[in-house]
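For reference, chains read A, B, C and D in written order, and residue numbers begin at 1 within each chain.
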Amino acid sequence: MHKSRLEAFSDGVIAIIITIMVLELKVPHGDTVSVLTPLWPVALSYVLSFVYLGIYWNNHHHMLHACTRVTGGILWANLHLLFWLSLVPFVTGWLGENHFASVPAAVYGVVMLMAAIAYYILQQTIIASQGPDSLLKKAVGGDWKGKASPVLYLLAILIAPFGRYVSMALYVVVALIWLVPDPRIERTLSSKDA
Amino acid sequence: MHKSRLEAFSDGVIAIIITIMVLELKVPHGDTVSVLTPLWPVALSYVLSFVYLGIYWNNHHHMLHACTRVTGGILWANLHLLFWLSLVPFVTGWLGENHFASVPAAVYGVVMLMAAIAYYILQQTIIASQGPDSLLKKAVGGDWKGKASPVLYLLAILIAPFGRYVSMALYVVVALIWLVPDPRIERTLSSKDA
Amino acid sequence: MHKSRLEAFSDGVIAIIITIMVLELKVPHGDTVSVLTPLWPVALSYVLSFVYLGIYWNNHHHMLHACTRVTGGILWANLHLLFWLSLVPFVTGWLGENHFASVPAAVYGVVMLMAAIAYYILQQTIIASQGPDSLLKKAVGGDWKGKASPVLYLLAILIAPFGRYVSMALYVVVALIWLVPDPRIERTLSSKDA
Amino acid sequence: MHKSRLEAFSDGVIAIIITIMVLELKVPHGDTVSVLTPLWPVALSYVLSFVYLGIYWNNHHHMLHACTRVTGGILWANLHLLFWLSLVPFVTGWLGENHFASVPAAVYGVVMLMAAIAYYILQQTIIASQGPDSLLKKAVGGDWKGKASPVLYLLAILIAPFGRYVSMALYVVVALIWLVPDPRIERTLSSKDA
């Protein structure tokens, strides 16, 4: 029961974050196609962040599936992750309205980096709570995605002042890396069910 | 459990979309009936989109009832559907504030068409996950509604530049077609329960 | 399971409506007590609508507890109720910003009357779905509250042009009538459990 | 079942409150670091309120775990708590936009004091509903945190006109006191499960 309420709260917060983001797409004045075209950077950054939040929800879903009991530490590590995700609509709007300018592109990466670190902390907190035979630890394994993402975010932040489109391309690359659901966790969990 | 979290997340997103739409109904200045009357196109488009989202929630509810296990593909097909639905408040506000002008009427149809396609993809993904004896496949059957809707949306988009009220009428027709819950799915599911 | 998803969706929508209302309380410019005082009509109308929505959630909760199976008609009767409730933040904001002026006071009553009618329709739809031995029918009994409320709303709407504070008082009276949870339903349900 | 719907509704409202708060962080005009810096008081007050709401959610979660049946009184005591929490985004925004000025700092304390009182009322209502052998009563025990918080809030309100940063420090102290989940409730509940 404990866990289902943690899931429900996280689902609620992520669902609200993902939907609130679209409020940055302000209804334009005028009824022609030409009033829509200036919205493309906001729309594009919305799509990118929607995919990111979808990835987080998806992975969060898998991770909690492998979590057997909820401790106070897990609750707070989860809230810490939700805090950084709650800043996504803000940086998404800022990024879009400034046409992917250097500073917003770097700040976008900072929020994503912090969210990735928060996710890692949550994962380690769950593993620690499960003891030496942690199911999640086996499921996560080498976790190259979890290790590669912060490096790529850091790279994108450092590159942003010189080539903001390279930074944006890196964010797309990280999204693509994660878009495929993690076969290791699914496999480990299936073998448990079997 | 997997499925219940997918349902909860979808319910959350659709509930937020449906409620956020009403924020486009801005509180008018002044306290007379005359300040309310200019709001009727926004109010009307709100009613139309409320019904559409109600239909999507209702059908989504029936479809997931016939879904037995959640794969990564189903998760993403579902997020894809939620993405297009999340754009409904934007196009609804734009449509209403411009009194059903041609371009917003066409763009409204484009979002509805994309949502219908996303729904179809989700349906096929669930059917594919169920193998040759798919319960959902039997329940859906010929699916004339699912085939007629995109055609009517396309028609409405093409007609919009010449007769925007014909387009609006077509949107109302699609809503009416779906308003009746699908007896086939209910029947197939009932016979399964029996 | 059907029912739990209907409850979850309704809870979601009512929770969002109740929270979105507070967005009408705009953060004032200035940091003195004097910038807060003009907000009292908005704050008061917020309190009134918060109580109303709390009553609806509470009664909805009891009513669905006495509902055994969900039909298509119940789904739509429920969405119809949620539609009228979704207009509450709009009329609440309009009422507050115009210091309980006559027209907003009357329109507030119209939305409340429509919500009461929608609630009644939902109740009758559930009772009809349960056949002659309807548990809910026994639980509701004479339903004097359900009959008195629309009459009082209608009275408040008619009186609003002449004495808006009388109308406001009537809305408070209706809220007070409902504030007490219905002992009949609780008793009937308890005897069922026993 | 009763209880799970109360939890779901509370989770929904708290999730929305926590996420809506971030809307006070308005996307700034301009794309330089210098447009971000004026946002630090809003960001800081957001962090503080995020932690407070996380504490409330966490404690609410524990308290309801020790609640065995839901009465009408508990429903309304819970809504009363949610009412005060729903004002948190408003006072947070006001506090941040005025750089922790005296009056907003005091009003922030008033809302926090009222929420603490509402939480206490909810706790006592649950204890009363459980009779003399109340599980929650044993779990809460001396409840020094629940007694210290209102005193510290009151102190912060009274000090605000003279030293607003002392008030802010007191709010941080209260948050730190609660940040640690209550070992007494966890222990009592564990011993019950054992």
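As a working rule, contacts are C-beta pairs under 8 Å (C-beta built on N, C-alpha and C of every residue); 3 or more make two chains touch, one makes a residue touch a chain.
Note that the coordinates shown come from a computational prediction; the quantities given were computed from them, not determined experimentally.
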> Chains shared as neighbours by chain A and chain D?
Replying inline: none
>> To test your reading of the model: what rotation angle superimposes chain A on chain B by C-alpha positions, in degrees to the nearest 5?
In response: 90
>> If I list every residue number at the interface of chain B and chain C, are over half of them used by both copies, so same, or under half, so different?
In response: different
> Between chain C and chain D, what's the gap in Å when you average each chain's C-alpha atoms?
Replying inline: 26
>> Using mean CA coordinates as chain centres, what's the gap between chain A and chain C in Å?
In response: 37
>> Can you list every residue of chain A that touches 2 or more other chains, as numbers and ranges?
In response: 8, 12, 16, 20, 23
> Contact residues on chain D for chain C in the complex?
Replying inline: 1-2, 5, 8-9, 12-13, 16-17, 20, 23-24, 72, 75-76, 79, 82-83, 86-87, 89-90, 93-94, 97-98, 101-104, 107
> What residues of chain B sit close enough to touch chain C in their complex?
Replying inline: 7-8, 11-12, 14-16, 18-20, 22-23, 25, 27-28, 30-33, 36, 47, 50, 54, 57-58, 61, 65, 179-181, 186
